[in-house]
Every structure is written in structure tokens, then in C-alpha cells.
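Notes follow once the structure below has been shown.
Here the chain labels run A, B, C and D in written order, and each chain numbers its own residues starting at 1.
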Amino acid sequence: MHPDMKVELAGLVLRSPIMVASGVLGSSTGLIKRVSENPSVGAVVTKTVTYNPRNGYENPTAIDLGFGFLNAMGLPNPGYLDYKNELAELRDKIEIPLIVSIGPSNSEEASEMVKALNEVSDGFELNLSCPHTEKLGLEVGSDPEKVRRITASARKYTSKPLFIKVSPNVTSVVEIARAAVEAGADAITAINTLKSMAIDVNAMKPVLSNVYGGLSGRAIRPVGVRIVYELYETLRVPIVGCGGIYDWRDAVEFILAGASAIQVGSAIACSRSGLNIFGEIEKGIVEYLVAKGLSNIRGLVGLAHTS
Amino acid sequence: MSSKTHYYVEAEVVSNIIETSRVNTLVLKLGQHMEVKPGQFLMVWRPGDGEIPITPSLTNGETICLTIERVGLTSSRLASLKAGERVFLRGPYGNGFNLEYPGKYLLVGGGTGAASLTPAYLKLVEKGVQTLFLVGGRNRDNLVYVNKLRELNANIRIATDDGSVGFHGTLPEFFKKIIAESFFENVLTIGPEKMMVKIAEECHRNGIRCQVSLVRIVKCGIGFCGSCVLDPVGLRVCVDGPVFNAEEILGTDFGAYMRDEAGRRVEVTL
Amino acid sequence: MHPDMKVELAGLVLRSPIMVASGVLGSSTGLIKRVSENPSVGAVVTKTVTYNPRNGYENPTAIDLGFGFLNAMGLPNPGYLDYKNELAELRDKIEIPLIVSIGPSNSEEASEMVKALNEVSDGFELNLSCPHTEKLGLEVGSDPEKVRRITASARKYTSKPLFIKVSPNVTSVVEIARAAVEAGADAITAINTLKSMAIDVNAMKPVLSNVYGGLSGRAIRPVGVRIVYELYETLRVPIVGCGGIYDWRDAVEFILAGASAIQVGSAIACSRSGLNIFGEIEKGIVEYLVAKGLSNIRGLVGLAHTS
Amino acid sequence: MSSKTHYYVEAEVVSNIIETSRVNTLVLKLGQHMEVKPGQFLMVWRPGDGEIPITPSLTNGETICLTIERVGLTSSRLASLKAGERVFLRGPYGNGFNLEYPGKYLLVGGGTGAASLTPAYLKLVEKGVQTLFLVGGRNRDNLVYVNKLRELNANIRIATDDGSVGFHGTLPEFFKKIIAESFFENVLTIGPEKMMVKIAEECHRNGIRCQVSLVRIVKCGIGFCGSCVLDPVGLRVCVDGPVFNAEEILGTDFGAYMRDEAGRRVEVTL
């Protein structure tokens, strides 16, 4: 018997718990469409769009560290108005939920963006956690009051699922997530990248043009699993796990910690099989469920907590 | 498991050769062995000056040549480096050309493209494959790498827009004429995209297998930032390319649209 | 010409900038002595001692993740009174500075411990950053006010160098470090481990008996380098870099970021050559200095900041 | 690069064999191949019940036997497992015995030590080396693994404190007698530390090369927590040991002091 991989996430029905993390496909709607055709992908989150267009930082913007990746893209994106038109075209062409990631720097921007993008999306992910862009992301997401205000502003203009993406770069992720939930968030996505940097010893200079960037990939998985586990202990909303998921075991680790669904980011850069990584992860989870005698993926969520 | 603290390979400029008023070739000595397949590219970094993708114009593991056109800040800085100055390289990235297809090869290089095709030419020679090299430019003073190619005994034909040397006309026009004269099973082309798309269409009409090397804004180089995507098919130039079989991408944004740094869809102008 | 590897650190003179991080040798004074005989080691930091003896947590307490290590030892130690006797014996037998790490849970404990241990130590490292022990470490070290009070209490009873070891698990490391410096700290050690966890997918359980632990090793180096770089931009006291240093390149990366000295922790567990890792790191740095034409290591500190 | 999400190897209990009232042997089927050299140890975990170091008493890659004495919570829980229950193993850790030294080998096992020496015995047999196995216990009912060793055709001699079977006396006393009768170039010993130190001293006096397997509190198992240290020399049982050449550690805390869980120096009692 093939185990049931369907999950319900804040009102959305996903054919698989495997989502594509924000940003790793850039703003390309072509790439989103291509990935959405993969039957193992349950939902796609878009690149974070901001109020104004952004070119992002100068190169170097990303490097491979071997045990993870460091990037400071600088949230390049066409701005929400431009992107809205692309998304409008895309939406009829894909069959899975399209979650639009937005990165407002204040409540007004949040309201306007959600209002404008509501008709072209199946849900929103509020990125309050980018560690390397001034006035955006972490600068907002490390202050519970700002999180509360921005979440409430977004909430006011949409009845679609609202995910808040949190950062590991704070003293208490639980406090931030709680503020978001109290202000109306339906689910929490954890985690964004860890604030980091690298210096090239030959060049004697920081590698990233922005100096600081975000660490992603394998290296941050234990931090992500810890945060998902902490959130599951204290919150009553679904959690989407993200951070260093490369294979089915990594995905299962996050689900056992309490994630109802998971997102794959950096790993698509090192998958030998290209975008087949989603299929491989799904296959592995299915075999694991069979081996464990479980008939559906939902039975696995948070199982590491029972004593 | 490598810890990769050595993120970049250091290289020193041995000499800087002036190709044209806009194009220079840097001859670099590598601090570390580096194997680059024809058509693969490197990310070339100068701290403070930025980092750009370049397809080497010669490579033998210890020495590498980069032929660079000054189009903006980073390329201009790099093209002006003097002997003894240093650059930092990461890569190689991308797929490179497939040189296993049988038959004769026609190489079509516009601008710095002739230089970037040279490693493929040398590999084909090594394999004993018959080649013809078409090099084009606006005029006599705009031709890149022709002397080098002569030195390497390449079978070259030239086209200039103003007819100052060789065929009088554009490369696609010249290309039409050449393939009318003698059949080639394969075409490899690097150059301005408007030129490449015309060559590719011509190949399509004539049943010639054509590989093109595409330029998009490359940021990460490793396939996860989505900056270099060719829409609507969602192919990433940095990992799915930069070389594509033309058949795969004719009818896409190839030759028509690209994305700018902010990810906005804009028209291809060159 | 052999470059000069001597560093001066808050009044201490170290024959080499390579120190042994706290905890990785346990409380064994025998092991400290053995390591101190290695000519490449500049100073040793002891295991953190607490006011009362602690057995630490039940096994499993540590695992190898491949790209780093996860541990929740639980600060096992004999307590400061017992340990004082061992240190008294040890001190005459070693020729390099012995820095005693203490983990007080409040100001009174800090005062008493420093008072008692002052005569057996060449300096103190205040561990306010252990991510997995209740009431100790991070619970103290994430609150600038507590950091200020504890640092001041320790300062009152010693004129020896006082290092404060900070945690990456806070929103602003700079704020914490500044509070410590204002209260009299001579130097900052950065970083301790990242709060993390791992779940075994077969066992379906958290691996560590304490559930949460600290991530160390390769994976955290980019976080450590970032924090050292940030601290160097804002503070005027020496910084000791720590986190994922395995070889000379890693060490140089930290020094370029602003570290006057560095500490090696986890890497001693995966060095094929055992405790020779110190010699290998020193040799690499010396060769690097020669290649760069630098006559001493001090010229390298913070060099990545100049523009 | 492995991501090691599979931190532990899962193993299922096939059977639980009662050795004595305090000692059981678990026969485990491994979920994954595992190569353990004689004298190396594994960390054996049951979630909720703790994790302890055990030197396997038989191993062939797919099956592993653990002979466990109930001394506290974790060992008691493990020793009571039933067929079908699972344990989780990480390792192997430590150095294991050096079996390359020339000459005859005398194996001296007290308590579960006889079991833990068995893989070394089998390896020596495989190499065609001559061995004699001394097994000791308080009395007839306290002997561990003797039937298994007989089954494996080991050349066994037994000593019991009460003389209920074999030599009447302690293992060190018996050992003295045996080496007076016939010379052995090598001794391997596992057992209570007070016993091992006596054997080691006897070997020292008689010019016999002696390897002992030491027990200390093992926590990390990988050499960085310092819990298992033998002072004052600062040797770590988990990576520098657990097997030491006796000459290396005679005159240290071996046989006299160890550290408890808090790192306090305490006397060795057994």
C-alpha cells in the first residue's frame, strides 16, 4: 500500500509535504512552472518581492563552502507591481499552491503588497528574516512588536494562509513566532539563513561584496531542527521546516521534530540529478513510512516529542 | 571532506595583450591546477571591483587566458590589469560543449566569442576533427583573437560589417553563404545573442546540429539563485548551460528577452 | 626569517596565538599538562568549573555529524573548590598561561569563584554562553544587564586578564560584548556553540539525552568569523576567535577578521595526527606569513577590514 | 561527503543468552554492515535508557554479540532486552588490540572480559597463532562465555576464587603459575582493573608484552570531552585506548585512580 503523502497546511491541500523554499529559483516564473510540474513538489514559494524593485548586491553574492553555502544576493526582485503581472500569467498554468513571499519594511508596505497580490496567490509567506538586507528582513524580524504590527497589517487584507518565516539569528525564536501567531499568522516557516561571513585568505578580503551574508545548507540543519522542535513544543499552528534538507532523512528529521511540511532550498544547487531531488526525497520518505508501518505522512509529525 | 577555506584559486597576470580598443586578453598563471572543459566558464573576482563570468580563451591547467571586453565596471577593470596583479577564480562552472557528435564542425565567433571558442577548436584538432572558424566584427579593428587563431593554424574565414577585411556583411549572412558552399554537421557559436539566434535558426532550417553559449546575468554560478534563467522554459545558464543545443531553446526567450539584475524581463538588444 | 608568532593578549604574553578552547580536554589536568608541552600551544583554557560539582547529563552527550559535532555534556566538573586543588598542583608544572574558565550563575558565585581561584590562574574566561545548561551559560549571557553585573563582580576580585566568552545565540552579540567590556572585561572570546539538536530517524528520538545541545566544528566557522568581524568593528578590546578552526587557513580567516588569538576545540577530535593539530596549524600560519612577506602575526589582525 | 543523518546503526535483538545471574549476551542483527576490530568498542544506545560503551564479544559484520554485566541502570536495561527489541550503535571507536606482535598469546579474562577477548582470540586463530585462554570468576556460576569458548575450540583454563571449578585462587595467582610453566611472549587482558594491574606488573617483571583494555567513563567516545582520561599522562581511553601497552601506563593512575562523572579523582575499587 502506498502511504498517503497528502498534507493539509493552514487550509491548503498539498499533494506532497515537499515545498520549494523562497529565493532559490529567483524571480523566474519559468523555473517555478518547470518545478511545479514535478509530481513530488507540493507547493512553491516565490522569491521574496519587495515594495520597490531591487537589483541586489554586486558579485560575489554566493559561494559554496563545502558544508553549506553563503549568500548575500540582496533580495534582487522586480518589485511587487511588476511581479504581480508575471504571477497573474503563471497562476493559471500551475496546478499546485503558489505562495508569494513578501518582504515589507513596514506595515504600510505589507498592507499594500498583500492587497495587490492577493488575487494572484494561494497564500503568503512573510519574510521577516533575511539576515543581510538593511531595513528589511531581520531588522524587522528580531523585534516582536514590529513582527506583530506587520503581521496584523498583512492579515487585514487577506484571508488566504499567512506564513511567517522566522530567523535563527535571534535570542528567542519562540517569542517572535508567538507574536506573529497572536497577530494572526496561520503557520510558521523555520528557518531562514544564519548570519555569517567568509574571508578569502589569499585575497585577505571578505568574499561577499556585502561582507555579511546568510549561511544555508547542511551546516544549518541542526539549528533548524532545534527551532522547529522548540516551536512545536510551544505553538499550536503548523510549522514548515527548512534548512539544510538534502535527502529524505533530513526531511524526516524535520517532520519528526514537528514540521507538517518541509522546504528545500540550497540542496537544489548540489543535487547531481538536478531538480530530481524532489522525487528522490519523496521516494525515500515513502519507503520509510512503509518500513515503519505508517499509512500516512501526517502520523509522523512531531513524533520525536512523545516520551 | 574539504573545508574549502580556499574559496578561490589565486592567479597572477603574466601579461595583458591588447586585442582591440575594447578587448584585452589576460594571460594568467594559476596558483593551483585547474581543469576547465571547452565552453565552461569561471567566475573572476577582483576584491572591490566585482566578479563576472568569463569563458577562458586558452587553458592548460597551469596557465589560463581570459579575453575580456570592456562593457562595464568589472570587465573594464579586469581588462586593464597589469603584469603582477592578481585575480581570484572560482569554478569551472557549467556544462561546456559536447564535442562527441560526429562530423565536421563550423565555429562561429562574434566579438570575444572567437576567443572563447578556441579551447573547443583545440580539442577538436586534437581529436582529428575537421573544422572551419568564422570570425566576425564590425571592422578590421574589431576582430578578436585572429592572430592567435592563425598562430594555432586554424582554418579561418573573416567577415566584417564594413567589408574592411574578408566578407562584406554580418556573420549570419556569411554563415549562410558558407554552409551553402559546404556542409557541416555541427555548429558551435558564441557571440551577440541576436547573431546567435540567426545562426541557430539557419541551422534549424538546414538540419545542422547547433550549440550556442548563452549569456545571462550570472550571480551564484551554482544554480540556486535563479538569476541566469532562460524563460519560459526555466533553464539555468550557469548549470543547465551555458551551452545549449539550439533546438532546445529556439522559440523561448533566446534572442528576444532576458532578465535584468532585478529579475525584470527586458529585451535583448545585442 | 622566521616570523614572530608571539602575541600579547590583555597583558598576557603568548608564545603562539593558538589556544586550547574550554571544555575539550575535560577537567583532566593531566591532559592540560600534556597539551601545554606542545610548543605550538600559546595558552590553555580549562574546562568550565561551576560553583557546585556537576555530573553532567546522561549519555548520549555528543555525536559526530560529519560537518560538525553536537554536544550537551552538561558542564560536568568537580566544582571550583575541588578543582582549585588540582590547578594549584598543575600550575607550577606548566609553562604557558593557564586561563580558568568559570560558569557562575549569579554575581555572588562569580565573586567567590574568582576570589578562590585567583592564585591558581593566569586569567579567567567567564563562560556566559553554554547553550544547554539551565540557569548557567546562555540563560545569563543573553541578558546584557546580567552580563554587566556578573562581569563586574568577577572584575572586583581579580586584576588578572578577564575574558568573556559570548554566545552566537543572541540577537546582538555586540550589545552583550559591549556590556561586558563596560563592566571591566579585558577581552572577548567568540564563539561558543550554536544551540542545535539532532533526531535519529530510526530511533525517532532526539539523540542527546538533554534534547538540545551545542553545534561546534566546521559548520559554525562562518558564524564565528562573522561575529569576530562585527566585534572588531565596534570594540576596542582584543578578541579571541573560536569556532570550527581545523587548519591554518581557518585560523588565518579568524585573525584577518580581527582575532588576536584563536582557540581550537572540536578539531582535536578529528585530527588524524592527534594533538599534533596545533603544530600543523602553527606551521601553516608561519608559511603563510612568509609568503605574504609579514614579519609577525600581529600585523595580520583585522587586515580584512582595511579597504 | 556524508551528511550522517543516520547517526546510529539500528540493530535488532535476535536472542538474549543468560551467562550468569549478572551477565547476559545479546545477539544482534545489524541493519547495516559494521566492521569492528578486536578490542574496539561501540556506544550502545537505547533511547530513554542511556548509552554505554561495550566491546563486542563476537562480530562478523552482520551479526554482533554484546556481553553485558548489570552494574547500573543502562547495563541492566540492555541486559534484559528481548528478541525483537532494538538498540542503536555508533562506532566502532578506539584502537583495538595489536595482534601483529610475534609469539604466543595468553588471554586473561575476568568477568565479562573473557567475552570481550573472544574476537581477538578468533583473529589469532585465523592467523595460526598459538593461544591459551585463562578465564576467571568468583565461582562456578560466575564464569562468563566459557561454553561459547569451548564451542570455538579455545584452549581454556579456569580459575575460581572459591575453587568450585579449575584453579583455586584469583586470576593473577593462576596467571603467575601458568607463566612459570610455559612462556608466552604476549598477554591480552580485560577484566577488573585491580586484576589487570597485577597481571601487568607480573608481565613487567617477566619481560612479557602485555596489552590491557581500560575502562573509564566514556561520554563522547571521540576524544574531545576529556571524560575518559587516564591521569597524570592525559591519555584518552576512547581514542588513545581502550587498549594500552601496559608498559606505557604502569606507574600512572592505572589500577589506582579514575575520574568520576564530575571529573573528580576517585579510587579504583574493583
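Everything that follows uses one rule, which is that a contact is a pair of C-beta atoms (placed from the backbone, for glycine too) under 8 Å apart; a residue touches a chain by one contact, two chains touch by 3 or more.
Given the structure is predicted, the values throughout are model-derived calculations rather than measurements.
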Task: Compute the shortest path length in steps from subunit A to subunit C over the network of touching chains.
output: 1
- prompt: Which chain lies the greatest distance away from subunit C when centres are computed from Cα atoms alone?
  reply: B
- prompt: For subunit B and subunit C, what's the span in angstrom between their mean Cα positions?
  reply: 50
Message: Taking the mean of the C-alpha atoms as each chain's centre, how many Å separate subunit C from subunit D?
response: 36
- prompt: CA centre of subunit B versus CA centre of subunit D: separation in Å?
  reply: 65
- prompt: Hey, what residues on subunit A touch two or more of the other chains?
  reply: 65-67, 198, 201, 205, 218, 249, 253
Contacts with two or more other chains, residues of subunit B listed in rising order: 1, 3, 5-6, 48
Contact set on subunit B toward subunit A in their complex: 1-8, 10, 31, 43, 45, 47-48, 50-52, 74, 86, 88, 90, 219-227, 229-234, 236, 239-240, 259-265
- request: Show which residues of subunit A lie in contact with subunit C when the two form their complex.
  value: 65, 67-68, 70, 142, 169-171, 194-199, 201, 204-206, 211-212, 215, 218-220, 222-223, 225-226, 229, 249, 252-253, 256-257, 288, 303-304
Query: Which bits of subunit A are touching subunit B when the two form their complex?
result: 23-35, 47, 53-56, 58-67, 69, 71, 73, 76-79, 82-83, 86, 198, 200-203, 205, 207, 209, 265-266, 268-270, 274
